[in-house]
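Paired with subunit B in one complex and with subunit C in the other, subunit A is shared by the two complexes that follow.
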Partner chain A sequence: MKTRTKALLAFGGLVVLAVIVNLLVPSEGKNEEFQPQNEFKLDPWIPLELGPFDMSINKAVLYLVLACALTSAAMLYIANRMQGRPNRVQTAVEAAYDLARNQISGSNMDSRMSLKWFPFVGTLFFFILFSNMIGYVPLPTNSEHTFSLFGLELPSFAIYAATANLSIPLMLTLMVWFAYHAEGVKAHGFVGYLKGWIPAGTPNRLKPVLFVIEVISQFVRIVSLSVRLFANILAGHLLILFMGGGLVVLLGLAALGVFTLPLAIIFFMFEIVLIAGLQAFIFATLTSIYLGAATAEGH
Partner chain B sequence: MPDIGSMLEIAQAKTTADGLKSIALGVGAGLGTIGPGIGVGYIFGKVIESVTRQPEMREEITSIQWLGFALTEAIVFYAFIFGLIAFFL
Partner chain C sequence: MTTHALETSKNAAEAGTGLTVLRYLDLLVLALALPLFVLAGLPLLGYAAAAAAWLVQRAINALATRKAHASEDPRAVVGLLAGSMIGRGYLVAGSIFAVGLAGAREDGLAAAILSITLFTIYFSAQMVVRPFDQPSPRR
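And then the complex of A and B:
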């Protein structure tokens, strides 16, 4: 059978399935009750307000604590039972550690800086990786909808990631931003560091203009580094939410699910396999590039 | 920037101006995908070209490829996020 025939047959099958589903489950009209944005709403579980600061314990805090605990536990567990003949888990963790050490921090900073900042960069990498990964595991965190199990009211299973909330990537980014400026000032002195922003050999007339552009670009780094991580994860979760049932419930059209559910599965796999790891890698790599550039000798 | 929940809540207001704004957001975010689309295609095309020329450089090229891919791909989301900001502010 030719590939084209197969593809046409598969598409025809989907259309037939959609028609059957449409006949069995008639359209219910638009659903006004379901609020998809509540998936990302942070309900305070334990209200805790300290003056102007809202320190309530909510879903994002739970995911943050989970990611921290998982990162530390996994790394300590592997480190305490290192073996000469590694099993599969140890091999995988060793490969990730090697990636963080040699590819991410080793190749972007000189050896002294790399030795000093590898713990920070490696921690960022593993923390973001775990934080993204547990974002795709359904956990009983949806306190809006509940289901009963043996007479026990439990929150529904939902997916959410700490990094799909702007505050957490922004906090990480600010840490990185201040760290690399501090390293730069330490390496070249304050005036020397600012002078280092202007490329050598610039005509004197152009220097102020270039300096202003460079200052702007330093601040844009805060936005780009945090929004890159936040928006990637948020867009992935939105896609999974709408394709995996959100659209069907909103429009009350069961037949649509025949087309969107396979798409949801594809996006889910794509997010887990590529985006979750890649965003952690990118964040850590850019951190070490910034750190390396701030301390590099001469521009 | 308010959290995404309250942002989407405002998005459901039903006046003509809001409708036009949603269309603009959709069109803007859609147009914003064109550039990164070309960019991602260009990156992978160049990677294929370089690997066929120098297969022994494959490892190095692959690691740079993912860096370039992620940097380019993120631009879609900048368009989307700035669209959202223009929409709500």
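And then the complex of A and C:
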């Protein structure tokens, strides 16, 4: 059978299935109760306010703690069992370690800087990777919708990631931003570092304009580095949420689920296999590039 | 046999048992959920539907994975794995939907919660077990 015929048959089957579902459960009209944005709302589980600062424990804090614990536990477990002839897990971790050390740190910084900053860059890479990965495991964290078990009201299962909350990528970005400027000033002196922002050979009358543009670009890095990670993870979660049933509930159209369910599965796999690792890699690589560029001789 | 060799062999055996438990942890939880459903008075129809769908999708997964490993055509491997993944998704979602329609809404809800719990356990365990299943490169 030709591929085209197979595809047409599959599509036809889906249409028939959608019609059957629509006959069984006719459209109920729009659902005003379901608010998809509330899936990302942070309800305080343990309210904790220190003056003007809201330090409440919520699900974002739980995901942060989980990501920290998993990163530390996994690395310590492997480090304590290093063998001359590595087993399969050690081989996989060594490959990731090599990627962080040689591809991310080593290729973007000189050897002295790479040696100094690899622990930070490597930790960023693994922390973001673990944080993104556990973000796709459904956990009982949705305290807005609950289910009852032995009289206890337990939170519903939901997917969420610490990196899908702008505060986390922003704090990581600010650490990177201050660190590379501090390294730049240490390497070239304050004035020398600022002078290095203007390319050599620029005519004097253009220097102020270029300097202003460079100042803006330095601040834009805070936005680009943090929002890239946040937006990618948030968008992935939203796609999975809507395709996995959110759209069906919102529109009150059960038959639509026949078409959106495979998309949810495809997006889920795409996010896990590609986006979770890729975003960690991009964040760590850009960190290395910024650190390397700030201290480079020709800067 | 040296003490080191004995120790290494003991560690490997312990790791092997731990991995086997992890590999089938979802099925263990599925079995343990039955007395919980009975004791808590949760809808047994929901349990039956979720359990049947989960076991069937596990069997389909095992079959598709075995066929994919046996195949040398990358297109066939991708087709088998992706097809089985989407098919298994339809199977579980369809079972929840069907039991919600045939029985009460509570049956559907119970089936949905049990299926998601099993998926969470299975998916988390797979993340740990998977590196052990990769063929080790020759050194």
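Going forward, the second predicted complex is superposed on the first by the 294 of 299 C-alpha atoms of A that agree within 3 Å, B and C clash if a C-alpha of one lies under 4 Å from a C-alpha of the other, contacts with A are read in each partner's own complex, and residues count from 1 in each chain.
We take it that contacts are C-beta pairs under 8 Å (C-beta built on N, C-alpha and C of every residue); 3 or more make two chains touch, one makes a residue touch a chain.
Predicted, not measured: the structure shown is a model, and the values here were computed from it.
When both complexes are overlaid on subunit A, subunit B and subunit C end up sitting side by side without clashing. Judged by the touch definition given at the top, the superposed model places A:Ala92 against subunit C, while subunit B stays out of reach.
By the touch criterion defined above, A:Asn165 reaches subunit B but does not reach subunit C.
Of the two partner chains, subunit B is the only one that A:Lys41 touches; subunit C does not reach it.
In the superposition on chain A, A:Ala296 makes contact with neither subunit B nor subunit C. The partner of subunit A that touches more of its residues, comparing subunit B with subunit C, is C. When the two complexes are overlaid on their common chain A, residue A:Met75 makes contact with neither subunit B nor subunit C. By the document's definition of touching, of the two partners only subunit C reaches A:Ile265; subunit B does not.
Superposition on chain A leaves subunit B and subunit C with their closest Cα atoms 18 Å from each other.
The residues of subunit A shared by its contacts with subunit B and with subunit C come to none at all.
Across the interface of their complex, subunit B is touched by residues 35-38, 40-42, 103, 165-166, 224, 227-228, 231-232, 234-235, 278-279, 281-282, 285 of subunit A.
Subunit B meets subunit A in the complex at residues 1, 3-9, 63, 66-67, 69-71, 73-74, 77-78, 80-81.
The touching residues of subunit C, when paired with subunit A in their complex, are 40, 42, 82, 85-86, 89-90, 93, 97, 101, 109, 113, 116-117, 119-120, 123-124, 127, 131-137, 139. Those residues of subunit A whose C-beta lies close enough to touch subunit C in the complex are 21, 24-25, 85-89, 91-93, 133, 136-139, 147, 149-150, 156-157, 254, 257, 261-262, 264-266, 269.
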